[in-house]
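Letters A, B and C mark the chains as written, and numbering starts fresh at 1 in each.
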Amino acid sequence: MASAVNHVVTGPGIRTGRLLRLHPDRFFDPDPAIRRAAREIYDGIRDLPLICPHGHVEASMLADDTPFPEPASLLIIPDHYILRMLYSQGVPLEDLGIPSRDGTPVELDARRIWQRVCEKWYLFRGTPSGAWLTHELYELFGVREQLDGDTAQRIYDEIAERLSSPEFKPRTLFEQFGIEILATTDAATDGLASHEKIRASDWTYGRNRVVPTFRPDALFRIALPTWSSEVATLEKLVGGSIASCDMLVSALADRRRAFKALGGMATDHGVVEPYTAALSPQAADRLFQRARKGDASADDQRQFEAHMLMEMARLSCEDGLVMQLHAGSLRDHNPAVGARFGPDKGGDIPIAAEFTRNLRPLLATYGNDPRFSLVLFTLDESTYSRELAPLAGHYPAVRLGPPWWFSDSLEGMKRFREQVSETAGIYNTAGFNDDTRAFCSIPARHDLARRVDANWLGGLVARHVIDMAEAREMARALTTDLARETYRFPQPADA
Amino acid sequence: MASAVNHVVTGPGIRTGRLLRLHPDRFFDPDPAIRRAAREIYDGIRDLPLICPHGHVEASMLADDTPFPEPASLLIIPDHYILRMLYSQGVPLEDLGIPSRDGTPVELDARRIWQRVCEKWYLFRGTPSGAWLTHELYELFGVREQLDGDTAQRIYDEIAERLSSPEFKPRTLFEQFGIEILATTDAATDGLASHEKIRASDWTYGRNRVVPTFRPDALFRIALPTWSSEVATLEKLVGGSIASCDMLVSALADRRRAFKALGGMATDHGVVEPYTAALSPQAADRLFQRARKGDASADDQRQFEAHMLMEMARLSCEDGLVMQLHAGSLRDHNPAVGARFGPDKGGDIPIAAEFTRNLRPLLATYGNDPRFSLVLFTLDESTYSRELAPLAGHYPAVRLGPPWWFSDSLEGMKRFREQVSETAGIYNTAGFNDDTRAFCSIPARHDLARRVDANWLGGLVARHVIDMAEAREMARALTTDLARETYRFPQPADA
Amino acid sequence: MASAVNHVVTGPGIRTGRLLRLHPDRFFDPDPAIRRAAREIYDGIRDLPLICPHGHVEASMLADDTPFPEPASLLIIPDHYILRMLYSQGVPLEDLGIPSRDGTPVELDARRIWQRVCEKWYLFRGTPSGAWLTHELYELFGVREQLDGDTAQRIYDEIAERLSSPEFKPRTLFEQFGIEILATTDAATDGLASHEKIRASDWTYGRNRVVPTFRPDALFRIALPTWSSEVATLEKLVGGSIASCDMLVSALADRRRAFKALGGMATDHGVVEPYTAALSPQAADRLFQRARKGDASADDQRQFEAHMLMEMARLSCEDGLVMQLHAGSLRDHNPAVGARFGPDKGGDIPIAAEFTRNLRPLLATYGNDPRFSLVLFTLDESTYSRELAPLAGHYPAVRLGPPWWFSDSLEGMKRFREQVSETAGIYNTAGFNDDTRAFCSIPARHDLARRVDANWLGGLVARHVIDMAEAREMARALTTDLARETYRFPQPADA
């Protein structure tokens, strides 16, 4: 494991103590015609409510409403975008306080962790992580100095002080952020106690605004050693044994109902490749029985996942849950990091994706069904114009999710709009989602997306592709309407 | 089959009756230096004749010169770009009057079809279909209001009235558009009666300006049930039985001569992948004989197509017909739409393409031959800089066709120029072609391409990459010279 | 073999004798805010020393310091970028004086070669070759007229005259160019006599500034007929027989030490695909023994190369040589050109690349090792955002090399920055290298890269993504610091 890369540090030659600024025209093209149009469009959407149909905030945070911890635990340790960049530049994860699984001692002093991050903060120049945290520091925590080694402890103090005040408790921030609805992502085997607690609480603003999303991936991965314990958990939840593939599907249908009862609108599926295939009931059950004996191979799992995606689409037609598919991440590419620190620590790397052939069985069966809605996400931008826009521009069921993960950035969002919109139009896209586990970054992420969309539309206006009236309406669609419509969220009473 | 997607409609919140405008600077960058240069460059090419070396206009239209039908049948029903977008947003093809193959009743009232399209016209914001139709409505039909549900019937009336006047007959428009030459696309088994009729007519302007293009795809697809009837048709045309692969090639050579005699300059080949391979005569004939027995497999067909592309290249060296290759569309992805409505209804989806290895056998054999010219088209933009530009920038025989289909758009054309030109230069590209079956959209499509090219060149001038004298000459090359040269069209007398 | 393509020449309709200009703001966006920022940033890096960590200049040129030959032999014949473009437009390589291997007579008159090139010079409009040569002609040779058929001989005379003066000798130019360090690329079997001669010379400025790079590709290609003679050469160099895979690795370690002793800092590896795999010592030796008998298959070679890359990474951890990997070029695509003229004549075509899975074995083993540094180069731009930026943004060992070959261009460099920086940051990239065998083009290539980087940073400043102080520091990093750091070059005394 790395301790420190033998490199001369390139970096902070800039005098310290410089002002932190958020330019009102940030992320807009400097061309006056575009900037003028972008500003006007942005003004019309800046203050719209935040629709958050996909993300990874923990429901327990809002169920318990306990105050946030100190700055490093809040802003650094859970953020794999930040961890990966620091690690790539030779900062050991031990030094960042990431809990180890193998007992390796790690840094426990939050101020020292914070100091290290600030000293390397120049690494984030020009990155979305840099833009998001800058927004957060400025708008939420009132910081007015740039992060670096010299300002680190002062800024730590400022943030820590804010965090201790009552208006920084999760529910208060939720309301202050103007969140209209927030979907969490929850394992199919999650009992949803936190969601029940929120619903049963006296939090009038929020109790119908936090909804679960059904994610059954672990139950489809029949070649993993964890599979049988996942099934056992599911058995307990549904109160009965699961001895066949049919029984598994029934149990999943049951859990989907439970999610829906708590406001859930969607399912989510993470796959390496978006392969779908219909197996006969007998063939599917043979795979299931092999898995029960612990004999399922990697290829068995591939077939089983492909079949279960078909089953999920079928159930979506019945229960109306929107189906989300996130394809193309090869998880835990770096075994040393995975073994010591577990998943979601930056070691996931995308691979090339193929949607046209892989999705054909599923779309041939369900793609024309008016009850079905499928939202596609990719990490392979070469599929934008080649596969995804043509699929969304033909199948009634298909919508394109916003740029995901590594592509959720200024240039990434620009490429998405440019490569997708001419074939699919904007009305086959699903609006924005922040996809974050960093609750405090939600406003920053939505603001960045709104600015980029306003700027893209402003460019179309300046080139006379659309007019300003159209741009304003399109901006509203991209900001709120398309997300509400795609995920079938109720229109808010005040809209 | 979908009847209507269960979605809240997102859309036309804009007051109706707004003016339809064509801004004189549309599609140009707003930066003053670029716009000034783009305008100047565009002025030099705007009125050049239209060279149309590849497209899908029916020769019969010009042979018979019958007036165009009413607006919906002219502008909507034959346009799969429009159909696919409407279908993707839940409009059943039945409601658009697409004739069904299975007897399903479809809308017959043209005004109701037109109304439905206009109500959903906002879907085309920012799309090339939107830009083309706007140009057509404004310039050709004199429409001055934007399309929407309220203006639909008024605009229908305006267009219908124009269509009934004599200056809107096909031949008159052909001359008015300034078409220098128009190539149709015709099956190898087409008797070319319409082309003969045009040549024999008293239409002095057009009789040497409409030429056929030889497309033998159906005869190479030996695994399809239609293959034997295709061969039977060919046998009748050439007047002899076709009992071997050699005899098939002879018959094809014969048909190529017939096409050439009617002015044909090129062949065209549509393939899923651009795979080429030389088989021995014996091996090729074995596949042919298997096909005759109805036993050819999908892989047999793949080999046979690969071999026949080699044969076509060989014949091109002999007879001088330019070879066009369109690779990467997976036809009829949506079986339900295909079964009910047939091909070309929007259900074609691209797949990833590979040219470097697939074309090697063909280019190794014919790529250095000065008699041979091969024009490549792709739907996979990732091949632009990786494969196509390097191939065109090396092999004397290779030229790159303009952005095809989903890529024939503002941003698509820009990406093509940016990703191809630095390696291949512009002189290894084939100029523009409109690739359309929508005759009335031809001027709109050429105008859009000229504007995008002028703007791209204007950007190079503004960045001092080229000077204005070079830009003007390059613009002329992109607009007319390269198409004439690539397709070996005679220089016009007045040029 | 082609003699001339049967095409109407498209081209030089522009009056001749026009002034050659180098606009001071060339390659900058015309937008005033961006241009102002770009200029200011460029001013801070324009005169920094040239760091050349990867290229193909011959060490013998500097060892012998013999004057350069006449213009065609200096500027045209060795430049495969220029040859490929001319060949693609029907100019036979014979007419350009490329020595043939099969005795085919070729043009020997340098003035006629030069004339032909100048007549076709318009082909290079908008290409990097055009930009580089224009810079070279203007800045180095004082040419003030544009190249064309009429000016060709005058310009030939001007250049020839300059070349004959003492200040145009290689070592003098090396100093005048401000080259801080220049790495050549040398076969593992190269005795490095020229490098020894430079070190032993009285050339004080340069004797520690020209260093070799270790390239052992030929010894890994066990299926090629040349392999055994390569091994024989290596045996002579290391003074002992090489009868096993272990002995081969030992000999390579020995040669690596010899390279390092002469200042070498890096190895370089050219592969079709970046496939890596650890074989057992027994399995590796079985392949080696099969190769000794001349029985190694293409697949054997694939496995052997994959294994040897692992071995090279292991040795890099030990001896500290930086490992460079250039993946994705299919060499000698055009067999006719290869047979007559040999390699590096323009017939190399890229293929799609896959890094995520292919590099996993190597990165799992060495990617976290702080002693290891791996610089990746690709010709497949679709891997930038999908694979390369995520890999570099996670693994401490990985850095991304600058846009390579076909991508080393204005638009290519812009795409690289836009697609890589948001995920990897700039600090996981390796700075610029010119990768050239054309010594006189080195300043032009660095200047172009500096302008493009300054313009990219200027765009970020104008959009308020970074501020000017950050931009200036980032520009310095991209220009000198990152190359020095990545390749572990000593900081210059005067820095």
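Assume contacts are C-beta pairs under 8 Å (C-beta built on N, C-alpha and C of every residue); 3 or more make two chains touch, one makes a residue touch a chain.
Quick caveat, the model's predicted, so the values are computed rather than measured.
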Legend entry - Leaving out chain B, the still-touching groups: one piece
Inset, instruction - Please decide if copies chain A and chain B contact each other with the same set of residue positions, more than half shared, or with different positions, and reply same or different. - result: different
Inset, instruction - List the centre-to-centre spacing of chain A and chain B in whole Å, with centres computed as mean CA coordinates. - result: 40
Inset, instruction - Hunt down the residues of chain C that sit against at least two other chains at once, touch-wise. - result: 31, 352, 382
Legend entry - Sites on chain B touched by chain C in the complex: 31-34, 352, 354, 356-357, 360, 363-364, 367-371, 382, 385-387, 389-398, 418-419, 421-428, 460, 462-467, 469-470, 473-474, 477, 481-482, 484-485, 491
Legend entry - Residues of chain C that touch chain B when the two form their complex: 1-8, 10-11, 13-14, 18, 21, 23, 25-31, 84-85, 87-90, 122-128, 131, 330, 333-337, 346-352, 379-382, 406-407, 409-412, 415
